[in-house]
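In what comes next, chain A is part of two complexes: it sits with chain B in the first one and with chain C in the second one.
Right after this comes the complex of A and B.
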């Protein structure tokens, strides 16, 4: 293998695949990154067996070949080089990769590419396309609601239902539920439901942050894999096996109090209260009061800590229905309020131990359900 | 105006409680801690037993060798806890500025409260009288301008003593005493000071601060002040406890996982009951293990949701136990479980799973039964086998080294 490429491209490519490199693993080669010539490009790939990321960069290939080298070592070295041409050559006998850039030279011991876990080819299944902005929004609005604990594996994933020209993403961790609907740029032929690891979607969102082209998605539930094709980048994720809870029944059908609040005001009041709630269980109390003839309605957001002190914030609201008292974990409120781009949000509640529902005002493609905290008032 | 601090210390507390309950034990060498063939240590020894060289912390086997005629008592922590609570409530009648130090001693800021009783000395005498009258045991009291001298004074006056150090005489009071008398001086510090030719507190007080600091670092400064009888630490009423835990030593080192788990379950239930009684929830569970060679490890797990549930405490403890014992060849000598990072009650309700709600109702019901009929009245199957190992006391199983393990 013999080729040359630009330091900036190689550096960027390594950072793209870097997050798929295994961290704690029993398979040491997954700490490596694969370097392989692919026609007139250099392919970089990494996998932690749950997710694989491949990235192609322009290169001048003189001799075909492939090798794997420790990912961290290589990216640290490349990252510290000047922005010039990098010459890469492999000595097949010693499996040593020689790197040359400006007046720097390094040799890194590699491991045979044949031992690298194959990056799965996703074929068959359902193919579709999503506009990148819609996908970014969708992932950002649901992914944080997925569970981080492994006790119920399906909850560490995002439920994705492809039906007609609609994609419904949902995530739940047992305490909250986020559901977002987005249009598909290309309708699917048959309804398909899969559970995609939230980690992979989070990674995907990082990869599409600066992309403008639509993302192609290929899902094969039978093989348990999904492929996301970006510009010069591919992300393949294993799907989570199992059945996602039937969440539609968890969404309250009615409410007794509805408050429409400015997202910015609500977020500030919740963040302020959370400072005081930090030492406790994160309890933030809301008292929603309807307005009178001359007075606007309001939401009082408060928190107290036995040892530290307490905090009360008041925000204007348009309130329909009865007065309501309900307590939430402050983090769950700030998590959802932080991802809303809309100016106003509605909060619907029924009683202190029934879920609260948040919906951005003016759109009907997102809803967020949060279980309250049981507290003494 | 400088304050007046009292240090009140109950004499041979555990033993005195036993003697008050059973007068036949009076004036005899009595040891609380367990059976002489047991593996525990002396938790308390009567003054008669101390004459034979017995002291707290000594292995029971050695104690019985030194004093074979001693009467060995298992001891009962709940009994001592009750006596301690009465002791503290008596003290609280005299001054609200009360700082308990363990079960059997406390500092009391008596500044200004003496006028009701005549003088500080008379106030202390009344405290002793009430303790004697209500608990049937004796206390020793030291009165001085600061905590450290008050403690030395109560220690000097023992047993059943009362010693007041007049204001301004703290330094001259300490001067002739051997350095080991000064709180804060342990074996190592004592040896080091002896090496420097310092044997009395008086000599220590003449050492320049710089010299002490170079030998003992930051604690040199404390020594310097204490040796001259200067101690401006205030009497601080205790803050609410930040953690709670239970532990026990096995009568024989064990590798029996099911025994370890049964014990862990029992201890965890005690911890859970404690949490719920105090209306707190915990964010963190800690497992403690001591192996046969006395190496002690603690392993902790932070929970994503706070808990006061026996099941969660146990499940977390077992996970930590399994992890700790993986690859560990030694048997276990001591096991303990505790919770920390306590927060006010307030439970996150669940959306998909009602098991925690059900656990909560279960715990409530069990707590009610236990309050009425005793701790062992209702148990999980897992802890049942402890029945054959530990004797049942009035309030749960009587574990080894009750004084140390509760």
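Right after this comes the complex of A and C.
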């Protein structure tokens, strides 16, 4: 293997695949990154067996070949080099990669590419395309609601339903539920439902942050894999096997109180209260009061801690229905309020022990259901 | 068989059986007599486990020549005059049973000389009758020699344990009185070997040094008795010095050595959570209370007493012990041996700096600093498991899991007491499937779990519905925690049920060992630990921290 490429390209490529490098693993080779020539490009790939990321960068290939080298070592070394041309050569006998850039030279011992876990090829299944902005929004608004605790594996994933020209993403962790609908740029031939690990979607969102082209998605439920094709980058994820809970029945059909609040005000009041709620389990109490003839409605956001003290904040609101009291885990509120791009949000409640529903005002593609905390009032 | 009155000899022997159970009982009675006689020196000598010989000599008031024979009559005593006196017994003995009981089962000699008498009296008894009497010179005091104990009662003799065991019982009796009467000089010789010798200095700690050794004595915390009755005084061992049996709990009521389950329980409750399961503390506790509030006359050997107000005694003891513990227990220190510096011997020999690896330390190292946790500055994390912190007096290593467990344990307990448990509702009720054994426990307890924040209801066969969980656990594997808890509870009586649940919850929501913590998290953890009531141990009784004092560091580096 003999090739040369630009330091900036190699550096960026290594950081793209870097997040898929295994951290704690029993398979040491997954700590490595694969370098392989692919026609006139250099392919970089890393996998932690749950997810694999491949990235292609332009290169001048003189001799074909492939090798794996420790990912962290390589990317730290490349990152410290000047922005010039990097010459890469492999000595096949010793499996040593020689790197040369400006007046720096390094040799890194590698491991044969044949020992690297194969990056799954996803073929067959359902193919579609999503505008990148819509996908970004969708992932950001649901992924945080997935469970981090693994006793119910399906909840650590995001449920994705492709139907016609609509994609519905949903995540729940037993205490909250987020559902977002987005259009598909290319309709699917048949309805398909899969559960994608939330971690993989989080990484995907990081990868598409700077991209403008639409993302191609290919899911194959039978093989349990999904492929996301970006410009010069591919992310393959294993799917989570199992059945996602039927969440539509968890969404309250009606409410007795509805408050429309400014997202910014609500977020600030919740964050302030959370400072006081920090010592306990982060309980933030809301009291929603309808306005009178002359007075506007309001929501009082408060928190107290036995040792620390308490905090009360008041925000204006348009309130329909009766007065309501409800307490939430402050983090659940800030989680959802910080991803909303809209100016206003509506909060619908029924009683202190029934779920509250948050919906951005002006759009009807997102809803967030949060189960309250039971407290003494 | 017709009913008839028993022969006096039979009566005496039956009665003796109650008082004189084993050689140690003889020693106890004789030592008590010596103490009642106001002695300042008591020497005890035993041979052959007390069966061959028990000799107790004192320098007390002695018995007047004319009264010596009377002393051996049943129910003859100088310690009690009338019924009213029985209400307020100050002396250890009072029943007038000891000497006659002993003479009924052994051969007894007595030499005694009362104050003002010129010569002492010698009296020898055999089979309960006086065999000979004469005058004999002796300084003021009494010597009682008991020989051939139980020789006439083979049945009793047969039930005695080995010589070593009987010796141990005797040593224990003498030790207990040495602890109760630090102002009396005790000496005990077993088969010619000096087993115990106290100074009679009047300081309890000196007696403890003799009985339990300097190391234990060093860790004994003084109980500061309140002025009001019941007054609880004495010394208790710090939790790091513990034993596997309850034999090291010594209780005295108005300086009478007693066995009391009530008091033992009060002490154990005070130590609760500071000692590992199955370990017991060392304590020497005297309870002073008005004479009419305690009844000592419920058992011939007077080893049990009845309190007029048991609850008050219980809480006074528990409070005193707990208070002393929380105020004074020190963080376990790193043993010097563990961190001995590696010092090449050649260097040491040629080194000009005076360095001695085994500097002779003072017999009593300065008492451990007694205080709650000082303010600590976090330096870093070791092995993703321990927080390294600096205090005003050296280095602290804090076990992050144990420390967090302690903090959460207190928080959960407090929330529960205030009925303010933080509960997170479930969006969708979750089913919890349990094994038959777990089901049995859960069925009887699911409503009680409410106060901890679990909303659970039965849902058919071996299945329960969970509608809400404690907020503390909502991100954790609470189902696993519940199953583990139920398994542990199904294994039988676990003492305090609620505490079991609290410990389990604290354990499952605490940070694990191996979890890396940010500086802010470590600071927060240490800050909360500083505010904890008992920061030094986790609820299981393991230490939360180890202390390496600046003093020790200096010594280890040869800087002193």
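Simple rule for what comes next: the second predicted complex is superposed on the first by the 377 of 377 C-alpha atoms of A that agree within 3 Å, B and C clash if a C-alpha of one lies under 4 Å from a C-alpha of the other, contacts with A are read in each partner's own complex, and residues count from 1 in each chain.
Going forward, a residue touches a chain if its C-beta (ideal position, glycine included) is under 8 Å from a C-beta of that chain, and two chains touch if they have at least 3 such contacts.
Small disclaimer: the values here were computed from a predicted structure and weren't measured.
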| task | Evaluate whether chain B and chain C can sit on chain A together after superposition, giving fit or clash. | result | clash
| task | Quick one: classify A:335 as touching chain B (first), chain C (second), both or neither. | result | neither
| task | Using the superposition on chain A described above, determine whether A:87 touches chain B (first), chain C (second), both, or neither. | result | neither
| message | Using the superposition on chain A as set up above, list the residues of chain A that contact both chain B and chain C. | response | 148-149, 172, 174-177, 245, 250, 280-281, 283, 306, 329, 353, 355, 369, 371-376
| query | For chain B, which residues are in contact with chain A within the complex? | reply | 240, 281, 304-306, 343-353
| message | Using the touch definition from the top, list the residues of chain C that touch chain A in their complex. | response | 411, 414-415, 418-420, 422-428, 430, 468, 471-472, 474-477, 479-480, 531
| field | Partner chain B, residues of chain A touching it in the complex | value | 148-149, 172, 174-177, 245, 250, 279-281, 283, 305-306, 327, 329, 353, 355, 369, 371-376
| field | In the complex with chain C, residue positions of chain A that touch it | value | 148-151, 172, 174-177, 245, 250, 280-283, 306-307, 329, 353, 355, 369, 371-376
